[in-house]
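Here is the structure we will look at.
All chains are identified by letter, namely A, B, C and D, in their written order; residue positions are counted from 1 within each chain.
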């Protein structure tokens, strides 16, 4: 164990995700286990600039493992993008005797952390937390599994109505660049079609799928649309387009934008366990002298990837699952 | 018991609501108990016109009590509004040997039923099922309790994010004419303000409430808005208005339209029990020779009200709860 | 408003119930609204003896409305049953400047409160909170509606297995003296038979019901048994008895004791709204000079009943629902 | 594609698990996609003996993806253990023109299938479905993720009560040979100690953990105990032992046996997606001429393992997670 680490700070930044509290808890408990101090930073990078710190001990994180959101709060912070903002953040960390920083968040969070590393050589370790699952170097990000269950439960409810009324529902789910939520929740909810940002022909797919459904006599349909879908139309425009283009199908179309409910809720067991592993792993990485990495999970094992690589755009998606989606929606 | 009743038909019409299946089940089981036939009519009044009937026995309704939606399906039916449509419906009922009809739905459903009564003197009994709770003559309509839980669970999730980010959320819930969902879910979710159709000064209320919240240093707020709110603005316009009018508050405002998830989902125990009571009550009313009424529940007892009175506009709302809302949101 | 009331204390006692936190919140907020102090007492009557008090303001109860259990905690307190214990409690209340006390709990809680009234003429108001719904003077107690949903969701899960395996399940639910949970959850879950403490012939009912089910060819059955059932056998002994007595039916019987999960969980919207009404009502009753009553709800209105009457044994049960249960389980 | 496969049969056997219906659906849909027949077999191996078959098409599996249990039902079948029983099963399969069989279940199911392979060279492919996650050759079995969420939600509820009353709760969860449910749900629920079958010193662990908790002043504790725990005591005996051995701690101990609710419920998104992948994979394996394997998932990819290897006892457990459990429960 590194003798020089006496105090580790932890913050959450960017969009909140279920499991953030469980990850903070694991960081705090691991610090307690290894008998070092843990400094909680409120409101993400803004709190670094404001010196909004609080010492956290094992009891500070009682009864938070099952809470959505983040009790340390999160925020966007324009000032941290400026060199003088980061100077202030660094000074506050040093002043508080913090030896290393754990940041819990997504791509933007890690990009900010990288600047702190580059400019001040301050030791940082990242924990991936975003419902979008769009981070390199980890099979799963915190909050993703919970969000899938939230989406699938919502679509189950909408399916009740769709089936009762023989309707076509267009359901927008989160995912600006990554179709993971749309593809997995779409398969899980038994959607008739799924539109994801990684595919450029989503509009053709949709129209073809609707025609096939019609031929088969399907009377209700669920279409899941990622918000980053590349059709060039939002869900409301899609509805109009279908009505115009397939006028004789006489669809009773409804639109549902699931929105912010996707970010909240109690974390699933999967996310709580993952958060516990990554939180402990992050503290142990620091104590072992490994900095400037993001903790991840690959094939159920905790792994590390350099923060630089973690923030590179991710391109692949689960093509095998796309194939399964097409087969099971026949 | 009336000796003339050998066959009771049942249909669901209008917007679907959780508990409709449980009500159908109770009707079918009660027919079975009293050893009379039960005819299921698919797709509401449309099914009456199409003669889309199926004989239902006790086994037909196994495992439906906990399902959302309606397995008999529902639909809007333009043709039933025309005299020749109703003639066809009546003829089909007679042809199938149906002696009385139970209709499960809301205001529109009962208005249709009243025409059948007026023109053909056909015996009809109504069961109130709509998440809006906007029917005279019953404390509760089927689906309302479930919808409240669905809304409150959704707002709980959004509160996670609101608290994490110090945001103001405007949440639109169902209720075109009645604020029951907004008022009860708003109190249940601990909303800072609630805007309902029954009050004309909702905009003033809102602005005043935001100013008080700000003075008290509240950093996140949930505003619940019924879709029938009389402010003259929809939730998106409200967000713009707040941003303009309270510019220096520098709110980070988000909007969420809960939409169709409010109609679906497993019925709550309350709705299942209510459906069972009303379904049995409807069959027994018919067997006792009481027609052209809606079954309702008042102070936990099953009661009857004439269909004519049931479809009158309802005006009162729970003013006492509005007062409680104002006190608990301080 | 009574000018003499400056400080109201609140405690929770007895078995915890969902909605207790929402009731505490409403009491605190109402005190804040009426600009009087609110003293939280930890661990029920034990906290009165220990002087375990904390001043509560509107912010103390943020984010508790949707939490199960009670953040003021609860406990059994032997010492409060002794005169010297109550003397100490009274002295501590006076010392802290408390003018009136709100107790949230069930029968035992109110019995304790009555002693404080009788011996020291200390103003007390009760709020009924127990999942059993076994209190006079109110249609519903706090926690009851939530518990019904918890039980029904659990039985829905067990039904999945029962249906898959053609099994007979005996499910024990709470309710020592009152069958409200068993009867309502049994109807809500579509149970084939329900055994409640208010009926002495539950064993005959059960055996008769099983024989009828068998004749009808039912392959799986759910029997809901209140823990206070008067058959003289617990659920495990009932299973043995069925196996012995109906040996040729060759049942594959399983037993499930739902246990403590029934007390926990997020309160339903119904319980949150009820808690808000009763909490505000309790404070306003005190301010209006009405003491030594329990707040209740009858036909959706907040009402009052003397504590003496509230703690009398309740005898009636919903016989109409028992009849509905018999009809819908055919 | 193998030209010889015209008809694939599918059955579910052993304890039911959430996701079985989703797997059946994927099998049926894949058969439909590849234009071959699919024969549903009711009640597992018993249905093979009884010839209880039904042709399934794409519509047969509408609206089952989100249902717990198995609509094909399951059963134990003593007769299939006898050679003459298997002869009958084989004859029925041939008679129905079935070319290959997909069995969905756990260890016992696959052991039965292996006999059919060994004795009749009948092509079989297995899909692992058991909440215990105790099968070689796959990272996850169907139903396991859902069961973890069910257990964690139940413990969350019990935690409400435990916290409110300062109690010690012993909670028995499923897992005769494998501690996966106990370990993961224990970490997810923030349990103070976890007792699993893979460790022989669970009793020492427990007593040590309780002493440490007491020293730290913890007032409530959750202990998760796998049913296959090797302490030699069941949860009720454990409670007595703690009361005797730590008498001066004066614990208020409660026991909860979660039981059959762990098997039921809507499958999680994870289980629905996994079921879809494995179901499609099983059909494609057969069409590609690969038999006598179990489909599994490793590092998110569908893989195959010989049935012989799949049914070997599994020995390893997640020791890293045990370490994380010890650290996060400080």
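Please note the rule applied: a residue touches a chain if its C-beta (ideal position, glycine included) is under 8 Å from a C-beta of that chain, and two chains touch if they have at least 3 such contacts.
Quick caveat, the model's predicted, so the values are computed rather than measured.
By the document's definition of touch, chain A and chain B have no common neighbour. If each chain is reduced to the centroid of its CA atoms, chain C and chain D end up 35 Å from each other.
As a whole-number value, the distance joining the C-alpha centres of chain A and chain D reads 28 Å. In terms of their C-alpha centroids, the spacing between chain A and chain C amounts to 39 Å.
Shared interface positions of chain D, i.e. residues touching 2 or more other chains, are given as 156, 159, 163.
Shown here, the protein chains touch around one cycle, each chain meeting exactly two partners. Residues 12, 16, 18, 20, 43, 67-70, 73-75, 150, 154, 156-161, 163-166, 169, 254, 256-261, 263-265 of chain C touch chain D in their complex.
Here chain D touches chain A in the complex through residues 25-26, 29-30, 32-33, 58, 63, 65-66, 139, 145, 148-149, 151-153, 156, 159, 163, 184-185, 187-190, 216, 266, 268-270, 272-273, 276-277, 279-280, 298-302, 318, 320-321, 323-325, 327-330, going by the rule given at the top.
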